[in-house]
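In what comes next, subunit A is part of two complexes: it sits with subunit B in the first one and with subunit C in the second one.
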Partner chain A sequence: MKNNNLKGWLYLLPAILFLGAFLVYPLIDVLIYSFEESFNFASQSSTGIGGFNYSYVLHDPYFLKALRNTFILVAVTVPLSTMIALFISVALSSVKKLRELFQTVYFLPYVTNTLAVGLVFMILFKQTPYSDGLINVILGVFGMSPVDFIGGPYWAKMLVLCVYTVWIVMPFKILILTGSLASVDNTYYNAAKVDGTSRFRVFRRITLPMISPTLFYLIITGFIGAFKAYSDAVALFGTQLNAAEMNTIVGYIYDMLYGSSGGYPSYASAAAIILFCIVLTITCINLLVSKKHVHYS
Partner chain B sequence: MDFDKIEKTARYKRRALNTLIYVFLGIWALIVLFPFYWMVLTSLKSYGSYNAEWIPKLFTLDLTLENYFSAFTAVPLAKYFLNTVIFTLGTTALMLAVTVLAAFAFSRLEFRGKNLAFTLFLSLMMIPGELVVITNYVTATNLELRNTFTGLILPSVASVFYIYLLKENFSQIPDELYYAAKVDGTGDLKYLFKVMIPICKPTIITVTILKVIECWNSYVWPRLVTDEQAYFLVSNGIQEIRENGFGRDNIPAMMAAVVVISVPLIILFLIFRRRIMAGVARGGMKG
Partner chain C sequence: MKVTLQNVTKKYPSRNKKQPSEVIAVKDFSLEIEDGALIGLLGPSGCGKSTTLNLLSGLQKPTEGRIFFGEDDVTDLPAENRGVGLVFQNYALYPHLTVKQNITFPLENRRGKDKLTRKQMDEMALETARLVQIDQLMDRKPSELSGGQQQRVAIARALVKKPRILLLDEPLSNLDARLRLQTREEIRRIQRSTGVTTVFVTHDQDEAMSISDLIVVMKDGVVHQIGKPQEVYDQPADLFVAKFLGTPPINMFDGNVRDGVLYIGEQAVQRQLSLPDGKVDVAIRPEGFTVNNSGAFTCDLDRIEVMGRDISIVSTHPDSLGECIRSIVSADSIKELSGAKVSFDLKPSKVHIFEKDSGKRLY
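Let's look at the complex of A and B:
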């Protein structure tokens, strides 16, 4: 038995080493970093322990801007993408012909490189000296004057970021929702059919309650994912996100760590912990709200 | 007579609704596919004709492959490509070895502290990557692992979720098989390779593909740990190309690079479509 004990841990050893070195140790370390004041990268020393890093980050206008951008992005994309995904999934579940084809097509954005396809979105929306860009041409048909969505006014840039984010997160949501819709027991629908219930009522009274746990799961993961938005913004606006006014919290963390504005792991750590606390709070609120509305059979 | 009428209107209504649904689905399919069409089309337009189009043409037969040549000659796209392949293969191979061994320990072996260890492993799934990347960056810098494949690969290897996925699958193999092998004098490792891995091949393939996709698209860690072009992966490469590659306005060449980067994953997806979608549905997340 003793021999077996050792063997078990031996098989686990590689996993423990990797996880310990690159997941557990950093987690503890980042907490320490965030409280070490004026940490010096070169000498690896600090002047003391305290909350200065947090107060610096919370007073940094770049961080506040990133915070605002992230909150707008979350508030717009999470409800929007969940709702569109629900519509599409319900529509998809009600047809038989071509369903596989549609499912495959809808999943395509999931397997593409966010940065690469982001470039395509950029050229679709960008206004250059040579062309207004396809989107502007289309909007022009409806009588709108051209806007530079990539280098222009704030609302336009935010709009593109939201559009691209919705486009990118949709495959996951559609996949999960169609799976959930398919697993609803048919007897409920048959019973409703016998009673002559209208389609809308069936949806509200049967489908929605049955899939509410899945819907709720998507909302939580959607919130978490949107709070961590970063590469979408880089894909559209380039790496100088502060200059483009389009930075996100995660972008702020990396900027503090690296690049021309980098070299401040303490500030980066403090910002990362703040982000973590925000996500945790929102998730807890979500859980509390769900207790009231989600139907677990 | 009235009954006929009612049935007719009902059928008519149903057909109208069906058409509406298909139109709606078609529109979304168009929104999804259009960026792909646009990148392929733009990559085939010549530099001159692209910039001459004040209103971009939705379709043209005046196509050229010159952008693909300049994508491979004007910027080191082939190098980025090769780096990504090395990174992906290295990370995935290491991940598989680590994952299979750990999943085997959790599913088949009995040892003290197993349940506690498994619970701790699962709780690690909640740690957000943004938190740990900071220390990892400092560690990599201190160990002088920046701009090396070791530095790129090692922090990307471990994944608790895949261990969990494989452990669940391994646990479904009946115990009798294990005892029978024991009676025959088969060692644990041999049993793992000759029995468990072949039986669980579908799950292992799923895990592999999901990891390959993850590696191919990873951007944040490679960007932090490499600043020499010789070690750029495709994600950083495309960013580099965009910022100072062909000259800012050579969009067709840029799109050619984007096509080259996107095609391998799309092919992989079309081959393993069902597996990938089932794997993602079981808990995969983007990023």
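Let's look at the complex of A and C:
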């Protein structure tokens, strides 16, 4: 038995070392940094220990702005992208002709580079001295005045960011959901059919519960992914996100470390820990809610 | 409810593009099922019995022919409007719903004037659950039930809506041997007490023989024989039916008819036949032999298997078409066995003669 134990640990060793060095140690380190006031990388020294960093970050208008942006982004894109993806997946599953073609088309954004997609969105939305952008041209057809989506009002920029995020996260969800839908045993549908079940009821009472573990997985990872949003905003608005009012929490952490106003690892650490707590809380809530609604077979 | 199938044919388009011939799953199937009868569709896998069941349920549409429930032509009626109860081979119980929710599921589908109150549904579910004796398990999930219990739930779900006919697809194949015996009696009991016309599909002859009022023997989409179980066993219509029914299987021989006498090899085993001369296939049921040292039919004794009440004599014969000949005789006969040979008298009713090419029964 003892011998076995030793062997077990030996097998686990590579993973433990790797995770320890690159996950657990940095995590603890960040936690320590976040409580050390005015930590200096060069001298590896700080002026004291306390909650000052947190207090600073939580009173920093840029952080509050980033927090607000991130929450809006999460609240809008996670439900929206999941619902649209579910809708498309169900539609895809009931199509027979050209199904594989559609699946490929819907999956394309996933294999496309974020920054390249960002460029395309810029072309679609950006106003330049020479062009109003494709979207504005279309809006013009309906008699609406052009809006500067990239450099204009806050709501317009937020709209673009949300549309962009929904668009970029959708392919993965569609891929996973179509797989999950295909794995539902057809006899359940036959059984329901023989019993004269309406299509809507089949979806609500059979399909949804059957794919609920997948759906739940997508919602959790969707939340986490949206809270960590950064590259999407950069792709659209460039690196000066504070100036563009479009910063996110991760963007704020980056700026605190490396940005033009950077060099504050303590503040960055505190912000990172705050983000960690938010994600942890949301995930726990998700898990609690899921107990009631997710059916594992 | 009387059920009638009229010349029903089901063809599937070929999947192989190079050979665009259609696959015929069911060919020209006609059958009239009396109200309240229990019909067993019997045949080897791929014989079209499940397709027939699907045609009855409406999950598939026949290529040709009509299907009637009573006087109604239901051929073009989709499954949801036919009012059939279908029990799937794997039961298809909804895993996320409790037993009770599974049983009430079909009732909740009713809309308009047929809509039931929750109380009515619960009452109907409980009544049906009592019938199949699962009323103690109403709050369990299917995964917490044994195979036999799951099957009862599936039957209850099919019965609760008072179906016009009940269809069972291989109802016993997922159960162990003991439970299978018990459950087939149970199916018979439930069917009797509800009086619902029932069609079930099986590849197991014991199952079909023991509980059906009528069995339909199928092969390659063609109906070979329709009849009462004993009738089909005693008077098989053709070679396939004779071979398919019976355990141990029927013994096959090359035979010859000359001047009204049946010969196996040079041994005259049966006389006074009004058959034309020529080569024939002879099939003899294992119970068609009686040991008699001066009997007409002599084989080389291989071994004896003792089964208690009976013994099984395994012997060989040069004209046997099988590997060995298996005959079941009473245990007393063991006294008469000695030496390397064994001689039998044959019971005329257990000997069947078939035409060589067509397989049709001549005698």
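Basically, the second predicted complex is superposed on the first by the 274 of 297 C-alpha atoms of A that agree within 3 Å, B and C clash if a C-alpha of one lies under 4 Å from a C-alpha of the other, contacts with A are read in each partner's own complex, and residues count from 1 in each chain.
Just so we're on the same page, a contact is a pair of C-beta atoms (placed from the backbone, for glycine too) under 8 Å apart; a residue touches a chain by one contact, two chains touch by 3 or more.
Please read these numbers as outputs of a predicted model, since none were measured by experiment.
Student: Overlaying the two complexes on subunit A, which is it for subunit B and subunit C: clash or fit?
Tutor: fit
Student: Quick one: classify A:295 as touching subunit B (first), subunit C (second), both or neither.
Tutor: The second partner, subunit C, only.
Student: Would you mind checking which one, subunit B or subunit C, touches more residues on subunit A?
Tutor: When the residues of subunit A touched by each partner are counted, B comes out ahead.
Student: What angle, rounded to a multiple of 10°, is defined by the Cα centres of subunit B, subunit A and subunit C, with the middle one as vertex?
Tutor: Seen from the centre of subunit A, the opening angle is 80 degrees.
Student: Per the contact definition in the header, classify A:8: touching subunit B only (first), subunit C only (second), both, or neither.
Tutor: After superposition on chain A, A:8 lies in contact with subunit B alone.
Student: Based on the superposed arrangement, let me know which partner A:191 touches: subunit B (first), subunit C (second), both, or neither?
Tutor: second
Student: Which partner does A:50 reach: the first (subunit B), the second (subunit C), both, or neither?
Tutor: A:50: touches no partner chain.
Student: Applying the touch criterion given at the start, work out whether A:201 contacts subunit B, subunit C, both or neither, answering first, second, both or neither.
Tutor: The answer is second: A:201 touches subunit C but not subunit B.
Student: With both complexes superposed on chain A, which partner does A:153 reach: first (subunit B), second (subunit C), both or neither?
Tutor: After superposition on chain A, A:153 lies in contact with neither partner.
Student: Regarding the shared-chain residue A:231, is it in contact with subunit B (first), subunit C (second), both, or neither?
Tutor: After superposing on A, A:231 lies in contact with subunit B but is clear of subunit C.
Student: Report the closest approach of subunit B and subunit C over their C-alpha atoms in the superposed model, as a whole number of Å.
Tutor: 7
Student: Can you list the residues on subunit B that touch subunit A in the complex?
Tutor: Against subunit A, subunit B makes touches at 18, 21-22, 24-25, 28-29, 31-33, 35-36, 38-39, 42, 51-56, 97-99, 101-102, 104-106, 109-114, 117, 121, 124, 127-128, 130-139, 154-155, 157-158, 160, 163, 188, 213, 216-217, 219-220, 223-224, 234-235, 238-239, 242-243, 249, 251, 254-255, 258, 261-262, 265-266, 268-270, 273, 276-277, 280-281, 284-287.
Student: Using the touch rule from the top, collect the residues of subunit A that touch subunit B in their complex.
Tutor: Listed in rising order, the residues are 4-9, 11-12, 14-15, 18-19, 21-27, 29-30, 33, 41, 87-88, 91-92, 94-95, 98, 102-117, 119-121, 123-124, 128, 130-134, 137, 167-170, 172, 175-176, 179, 221, 225, 228, 230-231, 234, 238-239, 250, 253-254, 257-258, 265, 268-269, 272-273, 275-276, 279.
Student: Which of the residues in subunit C end up touching subunit A in this complex?
Tutor: Touching subunit A from subunit C are residues 57-59, 78-82, 84-86, 88, 90, 92, 94-97, 105-106, 108-111, 143, 157, 161.
Student: Any idea which subunit A residues touch subunit C in the complex?
Tutor: Result: residues 185, 187-188, 190-198, 201, 205-206, 209-210, 212, 295, 297 of subunit A touch subunit C.
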